[in-house]
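Note that the chains take the letters A, B, C, D, E and F in the order they are written out, and that residue 1 is the start of every chain.
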Amino acid sequence: MKRIDLILSERELNRVCKAITKAGAKGYSVMRHVTGMSPSGEISEAMDFSGLGANAHVIVFVDDDLLGAVAAAVRPLLKRYGGVGFVSSAEPL
Amino acid sequence: MKRIDLILSERELNRVCKAITKAGAKGYSVMRHVTGMSPSGEISEAMDFSGLGANAHVIVFVDDDLLGAVAAAVRPLLKRYGGVGFVSSAEPL
Amino acid sequence: MKRIDLILSERELNRVCKAITKAGAKGYSVMRHVTGMSPSGEISEAMDFSGLGANAHVIVFVDDDLLGAVAAAVRPLLKRYGGVGFVSSAEPL
Amino acid sequence: MQSSLVLQNLLSAPVLFFFLGILGVLVGSDLEIPSPLPKLFSLYLLLAIGFKGGMELAQSGLGPQVLLTIGAAVAMSLLVPLSSFLLLRLRLDGYNAAAIAASYGSISAVTFITAESFLNVLEVNFDGFMVAALALMESPAIVVGVVLAKITAPAEDREVSGEQENGNGGLRWREVLQEAFLNGSVYLLIGSLVIGYVVAAFSPAGLEKMDPFTEKLFYGALCFFLLDMGIVAAQRLRDLQKAGAFLIGFSLLAPPVHALAGLLVSVLLGLSQGNTLLFMVLCASASYIAVPAAMRMTVPQANPSLYISTALGLTFPFNVVIGIPLYMVLTRQFIPAG
Amino acid sequence: MQSSLVLQNLLSAPVLFFFLGILGVLVGSDLEIPSPLPKLFSLYLLLAIGFKGGMELAQSGLGPQVLLTIGAAVAMSLLVPLSSFLLLRLRLDGYNAAAIAASYGSISAVTFITAESFLNVLEVNFDGFMVAALALMESPAIVVGVVLAKITAPAEDREVSGEQENGNGGLRWREVLQEAFLNGSVYLLIGSLVIGYVVAAFSPAGLEKMDPFTEKLFYGALCFFLLDMGIVAAQRLRDLQKAGAFLIGFSLLAPPVHALAGLLVSVLLGLSQGNTLLFMVLCASASYIAVPAAMRMTVPQANPSLYISTALGLTFPFNVVIGIPLYMVLTRQFIPAG
Amino acid sequence: MQSSLVLQNLLSAPVLFFFLGILGVLVGSDLEIPSPLPKLFSLYLLLAIGFKGGMELAQSGLGPQVLLTIGAAVAMSLLVPLSSFLLLRLRLDGYNAAAIAASYGSISAVTFITAESFLNVLEVNFDGFMVAALALMESPAIVVGVVLAKITAPAEDREVSGEQENGNGGLRWREVLQEAFLNGSVYLLIGSLVIGYVVAAFSPAGLEKMDPFTEKLFYGALCFFLLDMGIVAAQRLRDLQKAGAFLIGFSLLAPPVHALAGLLVSVLLGLSQGNTLLFMVLCASASYIAVPAAMRMTVPQANPSLYISTALGLTFPFNVVIGIPLYMVLTRQFIPAG
């Protein structure tokens, strides 16, 4: 199995979650209020009251053969709005 | 070493943490307010006021030989109450 | 690529983030309000109002050749203030 | 007169904010009250209502009518889940029937509070001991629900669930009682009730100092919380397709039927108009806080989206919007004005 | 007299707490108001200001001056971004110019609230319908901003952004309007305004019960929120080095210029002193909540740190600290006292 | 008379809610006030107490008795940690002794607030400048603690800690002073004090508008916060087994001993009954907010569970429940009524 870690702005969370589901993943988990740093700057919770918010961390565990579909669905969103994605190996407990 | 990721309802968190400790793990970390989706439906923070709450994400780093014990302790709880668990490889920094 | 997971007290978060940046990592993500257990005791959110706070979980994805630098920068801080760090393999999505 | 009461309720600030929340979800606004802010308001409302109830209980004392009313309330919280269970069992398995029955046997504090505000605006009096009835009706239905689930469980299930974690069935009971009587909201409500009683009895100087917090702020905070409840209830409405016509019918007919039973009891007890309305609301409302949390732990085989979506998505809005003025119309019909 | 007004503003509790927040960041205090607590205060302020505005609107009615004023306000929220865009385009690309122009065409509710508090302390009257103007000025600038960004987009970009997600340009518009008119703060403000109106018109007994929450608590809650705004604004100041001298100049000169335009309109409309000050503040202030959120979704090519840091780091403090009393001085010069 | 004061305190709303929190943990209720809600209440209490103190300070002025009292308070916050350190060093290493000593030299704002509420209920007057004493006693003990830790550190440790992060010892001092004087709670308290002073002196119209927020709401908010403090303190009690009999004894005997020292100073200064009680409480209480946060940064070798569990799990409940009325009994013995 694969574990996909996506980190992106909370604002785009809905889109990304929909894309993941549409690509066929059976589940995912979301942590909000994630802050962070990247070449494009620092993201803090300071603007949370504005709804501009911080980042979210999405974890998706998928079978190997689904990785391609999820990647294809998510990549253009990350490219358009920013955010990063990484894949590692994992096994069910 | 192994990294175990558990995602389950906040309500069962205490039981799971106790089981992990009893199985001999020396530490774990918990993130609450995790939302997510699975074949059994979507979990949002909307019910937070009821204490029914959202999910929690538990991370346990254990030596390879402890994996079996932790898995044996946690699996029945995930089966009874729901939740998922995955294992990957990791090394101390 | 490598994925580095650091779990440490929120109080030292700034230092650790600075160290990570100085070591050359291009980005990282932070989840706060993490609770946990380790041989040195249990960390709950109960003291949050004091600013002593709970733990934070820092995730850094770096190229293999940067791992050494980040590890060297972070290790003394973990040693001085407490906290744990683990490394696993990952690939960009 | 009837329609004017319904209208008056519909045009009150709390109900309007409730609609604002529902509408927000329907039109796709991204308005949300992020966690844990809703918890702040629910803790506040429980603390305030408990404190005020205890305070008034100290003033009215524990006379025979008070004890009779409270006893009748507890009896209703045992009878309602039993009769509901028999009905629900026609279409649902034992676990789900038991869990839903438990919800309807227990109460919704926010519905009760909204009814109190409604009475306040109408300037109809009611007594502090009704809060004691509220507090004591939360838990018994949970115990009934667990017992029903146990009794109807298939034999092999009973074995397993007895074994699995405790090695014996005894420990399991501790957990049920713990969930029933010590869950956060029951505990805070009863605790605040006792504190209100004690403060009123022994250091009345403190009452006045609490007043701005527990009394003055109350109506506005209720509005704020109902805004959130509207958002949450509307989100729950989506789950209802899973529930099916039978459950939808149940969640809309059970409230007025249980309210009528409550009216009957109130007439027998000779309650005042205000207390009768509150008694009816207690019978008619269903729990979406304490009971779901307890059922999830003790009857995990039941599907939470069934008991939450009916109690929160239909029964709660029904009571708040139509039920309360409707029950008031009936109350005025059968109970002479104080 | 002029300097005394400025001083009086500087020494008022809200502005002092704003400074306390700024100073905390400058001296390196770790004081912070953790998320989502600031959201609680911002939701509260919107609910309270909307409710009070609606209530007063019900009392004053919707006469010709009310409608004219509201119409003029909406017109300003279309003109200000257009003129700002032309100016900003001299140095910035189309995306950033459009996003910044949208911020300055829209409004800052907190600046407006601070101006209201200032008037209250001076005991100068103003009307509830100004809140309606506030509510209706939030959104139009967003639409203007998106249109400007589309028009000036390089041809190839237009293709791509049209294609990418929706397959056509039509759906995109739904998103823009959704962001403009249904984002949480606009929705809550307008909703509370309507509720305040309805309650005042149909169940006035509820007004008094809301008063402790929406009126009495207001000033203190504003102080608390401005403390946080000070912290956030100071943190934003750091981003300003990226903005450059041109943008810094713009963010400090735009407010008084737009305020003067507002003064001109107020004179023509024959507004009272209090309403004139509020009108000037609406024109002078820039949005750092609704607009940035909408721009991030609809014009992702613009750099958020540019439009947020100018509106929040410079324009907001300028208006709160110097602008409001300055505009009052001008108001007194040109508008006869009521 | 003695026992009646103790009873009166035990039966007051704030102390009863504190017990409710403790009891909740003991009986295993899952009642919790999720983070960051407790922070909202602690920020609110600091802001309100600071503002009110500053306001009253402006009214009373900065006469010789005010300055003498504040000077004596600061002196106590230097002496208490020194004497405590000498005692604690008998059984503990230098780091832990220094950190615990710093806690007891500093103060607990909530204990102080509870004492103020107690005086209010008794209708005994006290002065606003005592809040200034409170504010100025928070920090010095931190500096003393760090100096003591440095002095008693083994030679090799001193080297390392000097080197490790800064390359020299100078920067380290900046950090200590930063933590001592600019940590969030000290900063907010002093800032609000200054603001209260300035507003009272220059724009008194603002005082009345702040009153519902800072004054009326205060008692209820304190009750809510003490509910949470009860939960937290009870959870800390579990850590006490690690502390051992010596530390447990210290945490229960230090408060009355330090209070007696405070009484002596009060008699010498000729303070009123109300001020004396507050002075005693300042000396007797121990910090579980500012100091632990600072020690964690500057003396990381000390074990936080030792200084937090004693200050919060034992000393705080002791003072709130028994200490305050006990000190009042002593005050009445030695200080003539105003």
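To be clear about the criterion, a residue touches a chain if its C-beta (ideal position, glycine included) is under 8 Å from a C-beta of that chain, and two chains touch if they have at least 3 such contacts.
All of these numbers come straight from a predicted model, not from anything done at the bench.
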Relative to chain C, largest Cα-centroid distance belongs to chain D
Note: of the two pairs D-E and B-D, more contacts are counted for D-E
Interface of copies chain B and chain C: same or different residues on the two sides (over or under half shared)? different
Chain centres computed over CA atoms; the one at greatest distance from chain A is chain F
Rounded to the nearest Å, the gap separating the Cα centres of chain A and chain B is 20
Distance between the CA centroids of chain A and chain F (whole Å) is 44
When centres are defined as mean Cα positions, the distance from chain B to chain F in whole Å is 39
Two or more other chains are touched by the chain F residues 30, 34-36, 39-40, 183-184, 212, 216-217
Each of the following residues of chain A touches two or more other chains, namely 31, 33, 51, 88-89
Per the touch rule, the chain C residues reaching chain B in their complex are 4-7, 31, 33-39, 55, 57, 71, 74-75, 78, 84-89
The residues of chain D that touch chain F in their complex are 35-36, 39-40, 43-44, 47, 51, 178, 182-184, 187-188, 191-192, 195, 198-199, 202-203, 205-206, 209-210, 212-214, 216-217
Per the touch rule, the chain C residues reaching chain A in their complex are 1, 3, 17, 21, 26-33, 59, 61, 88-93
Chain E contacts chain A in the complex at 34-36, 38-39, 41-42, 164-165, 183-185, 228, 231-232, 235, 288-289, 292-293, 296-297, 300, 304-305, 308
The residues of chain F that touch chain D in their complex are 7-8, 11-13, 16-17, 20, 23-24, 27-37, 40, 117, 120-121, 212, 216-217, 219-221, 223-224, 227
